[in-house]
Amino acid sequence: MNTSVTLAGITFKNPVTTASGTFGSGMEYSEYVNLSQLGAVTTKGVSNVPWSGNPTPRVAEVYGGMLNAIGLQNPGVDMFIKRDIPFLRKYDTKIIVNVVGKTTEEYCDVVERLADQDVDMLEINISCPNVKEGGIAFGQDPKCVEEITSELKKRAKQPIIMKLSPNVTDIGEMAKAAQAGGADALSLINTLTGMKIDIHRRAFLLANKTGGLSGPAVKPVAVRMVYQVAQAVKLPIIGMGGIATAEDALEFIMAGASMVAVGTANFINPGVTAEVVEGIEAYMKQYGVNDIKDLIGCVK
Amino acid sequence: MNTSVTLAGITFKNPVTTASGTFGSGMEYSEYVNLSQLGAVTTKGVSNVPWSGNPTPRVAEVYGGMLNAIGLQNPGVDMFIKRDIPFLRKYDTKIIVNVVGKTTEEYCDVVERLADQDVDMLEINISCPNVKEGGIAFGQDPKCVEEITSELKKRAKQPIIMKLSPNVTDIGEMAKAAQAGGADALSLINTLTGMKIDIHRRAFLLANKTGGLSGPAVKPVAVRMVYQVAQAVKLPIIGMGGIATAEDALEFIMAGASMVAVGTANFINPGVTAEVVEGIEAYMKQYGVNDIKDLIGCVK
Amino acid sequence: MSVAMKRKAIIAGNVELAQDVYSMWLDAPDIASEAKPGQFVSLYSRDGSKLLPRPISICEIDKQQGKVRLVYRIAGNGTREFAGMAATEWIEAMGPLGNGFNLEGRKALLIGGGIGIPPMLELAKQLICEKQIVLGYRDITFLEEEFEAYGKVFISTEDGSKGTKGNVIDAINENQLEADIIFACGPTPMLRGVKAFATEKNIKAQLSLEERMACGIGACLGCVCKSKEIDHHSNVKNKRICKEGPVFYSEEVEL
Amino acid sequence: MSVAMKRKAIIAGNVELAQDVYSMWLDAPDIASEAKPGQFVSLYSRDGSKLLPRPISICEIDKQQGKVRLVYRIAGNGTREFAGMAATEWIEAMGPLGNGFNLEGRKALLIGGGIGIPPMLELAKQLICEKQIVLGYRDITFLEEEFEAYGKVFISTEDGSKGTKGNVIDAINENQLEADIIFACGPTPMLRGVKAFATEKNIKAQLSLEERMACGIGACLGCVCKSKEIDHHSNVKNKRICKEGPVFYSEEVEL
């Protein structure tokens, strides 16, 4: 039984990774999951200098999911290189580094500083709804998507994955723009912009007013977008949004994702990533599927 | 205590109506709720001729919500006028008629035929994701929104509410376009396009492949959009998307909705609309709010 | 207000009849007092992630005791939750819903396939004419002894482990059963076979259909089937299974 | 693998102490064996609509019996669900989480406000120095007799119905309490008051903070507080309450 997948020349032992920002740099979850069981670990977004993120409250529970407005707090790329890459390299798993910036220059800076590092792929977050500058602003206009993709592609030594926002009219168009800019792969979806109001205090629940919706609640939108993008472009897709079980992961794979990422579900069950890996294997066994590739995009 | 609200010159005894398509024409639910308790009943979308809708399965359960691809099955405006208006008029409630069409001409046709009918407002559905022509196609481009709004405004004798799609990059822009076209009010959100795959049959769950996501799962997106639109335009807003309790309704009101509509929750609890009305009153009593208008948009 | 109000009902018993097939008695006097054979009840999960109703046919009605019986198969997470419930716990239920069978005819064929068998039991009890009961299973049988009091029982199994090897039509043919009315509930392919058989033999047939539902009371238009003629309510060739159905005469609907 | 694994724990008891305040004992030997005063446990709803953990401080630890006690107030739907649970039912729990109090000092002031009182109980039991215990309530008191075995107890109530009328600082002032170490848990305004008092009197203070959480184990960066210095882990002036905390020295954090 073959569960390995190859994206942009990189081979992953299985199609399961973590959604950026929901798994730290793997350190905390390494007490709950053997990271070597995962196809890859995708790390929290990293910027050229340390970012302190948004004021609290930064998270709120909503029906079947959560809102977050962390605001991309991160220790900066230097600390990341010194501390987190060596930690992750102890495991037999690939490393995907999520990259953020406020300007094209900042994105380029991070990508350049990671160029000689021992990481496997870069995931470019142009879809964070929780920062004023950068983030989603880049991800909602096809011209910007194409431009930033080609700027980064020039500088990156690792294959680049463009991470798309669901807060758009036509995600297929954004996917095409990323493809035109030279992206090696796409990942989707980032969070849907949402809001929660505390009717007793008559105030927003999040200090940032709005936050990104994630968790099982968004899964149908995410599966639809993965399918839509799979029809629109040839690039391999990392699918995510509400995956909490192997069944969920298989929906994304059948809709056209070559890999899947588990996000919010880690918060509810810290051992979930390994369960998803095992559940996919169990499904393949049950139905006599010899190669996971036979399932990718099998529903048309 | 005053719970009445006035939109475009029409006064509703309270701010609670039903979301189009989730309450039929009120007939079925009249066995569960006294329709005279509601501010208004908003009816299922009606077209110039009968429509038979999409093949089945048309509905699927998803986490915290559902997908539907009814495809706007309806008996046509003639039957609606003959049967449904007289039925609803027996109750002390306002009537909002949801209007659909495949072309601008078809929308105009329905609006003209309703012009002399005893109904209070027209809600124009330019946001249905489940029909090939018309519907959402009109609702995703600001130019189209403005054009169709002004065409309909010319012909309508009742105030018109434009119903906006959440499947857009910037709903504020659509709201402004509707305002520019002369809309009297806005309602939002319609459903988010979603998909579900049956991994055992390796097939789409809905015959239509995609369907509209509704229910509690979408509430944070809906509240955010209501807030966003309330900041963008001056028009009164009917807020909807996942309302299942008075608390949910109050979130929309505080975010800027003058009225709220209860949709999918009717399917889960057929008496829910009356409970929402009573719950809003209880909240006002608890906090000594004398006029519901003091709550509209109170969170900024 | 409707008798079909949604309410909490106390579970009076819930036992496994066969692998993954459960029999639940609900303490629900108002449902029991109104229910007819062929009608169904919507059951609701207690988990907020699963919102839509699970429609389950009424298998038996005990008006005296104010109870109804539901027999169901574990098909997913909702029915799995129900299977885990114990007597004295409550469950939310709405019903009776739908039209139910029309009690008619002099010599009847009651045909149930798989999890379409349960509604035939109350029908068999209430139907006073001569009855021949045909029950089709894949392999493991259930409920069949309970039918014996009401008529001659014929069984088909796909694997041939009991009765006729094959489907219900094979059992009917093997036993050369005749009738002037057919009542049938089961998977769509079986109902297609029954419809073809009934048309060929020129026998009136009442078929109980199934479709995914949201409201269960005729409002959402989720659960329609194609009808031969323009339907009175919909004004198109669609009938609501939850409202005009689930039971239709075979010539009314397209399968 | 971590001891803080998420697991089902059997409820050994769950009773109402005062209106809307409950005391739950969990049968959880692995939590009990590792737990320290000031740490917390994440409790999970059984309803799929409520996914995030409810952090609840450990109120008592019974290592012998392998049990931990949680005392909580009904604040919303999650805690309401817990309040409805009965002994022998299971609940999902993860813990012990966070750092806990540092046992130190010779003359201590233990200050608890409202639902910040429970973690002070196990602290009072384990702290061997001289202890003065100040408990602040709005009106209705709870747990206060259980503290009496461990030190002198002073009470403040906002409505003056018991002890000093006012807040915990008023009670401290009224009783002219002195100490070389303060331990405090309660609402942020109270902690601000305690911090000001400690700074003024030049007393070391350990404060237990609260923030909305998602992961509970330091990964999501949801629950940070502002720190005075750049934090070793975050590389910015933020500390994770679930990981570096919930207990901080007053000079480490900004409130």
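Every chain is named by a letter (A, B, C and D) in the order it is written, and numbering of its residues begins at 1.
Following the convention adopted for this analysis, a residue touches a chain if its C-beta (ideal position, glycine included) is under 8 Å from a C-beta of that chain, and two chains touch if they have at least 3 such contacts.
The shown structure was predicted, so the numbers you read here are calculated from the model rather than taken from an experiment.
Chains that count as touching both chain A and chain C, per the definition above, are B, D. The chain pair with the larger count of C-beta pairs in contact, out of B-D and B-C, is B-C.
Centroid distances built from C-alpha atoms place D farthest away from chain C. Computed centre separation for the pair chain B/chain D is 46 angstrom, with centres defined by C-alpha atoms. Between chain C and chain D, the centres computed from C-alpha atoms are 55 Å apart. Put simply, the C-alpha centre of chain B and that of chain C have 35 angstrom between them.
Chain A and chain B have CA centres that are 34 Å apart. Shared contact sites, meaning residues of chain B that touch two or more other chains, fall at 63-65, 216. For chain D, the set of residues that touch two or more other chains comprises 48-50. Contact topology of the protein chains: fully connected, every pair of chains touching.
The residues of chain B lying in touch with chain D in their complex are 63-64, 216.
For chain C in complex with chain B, the residues that touch the partner chain are 1-2, 4-6, 44, 48-53, 94, 211-225, 233-238, 243. The residues of chain C lying in touch with chain D in their complex are 46-50. Residues of chain A that touch chain B in their complex: 62-65, 67, 140, 167-170, 192-197, 199, 202-204, 209-211, 213, 216-221, 223-224, 227, 242, 247, 250-251, 254-255, 283, 298-299. If you check the complex, the residues on chain B that touch chain C are 21-24, 28-29, 31-32, 44, 50-53, 56-61, 63-66, 68, 70, 73-76, 79, 215-216, 264, 266-271.
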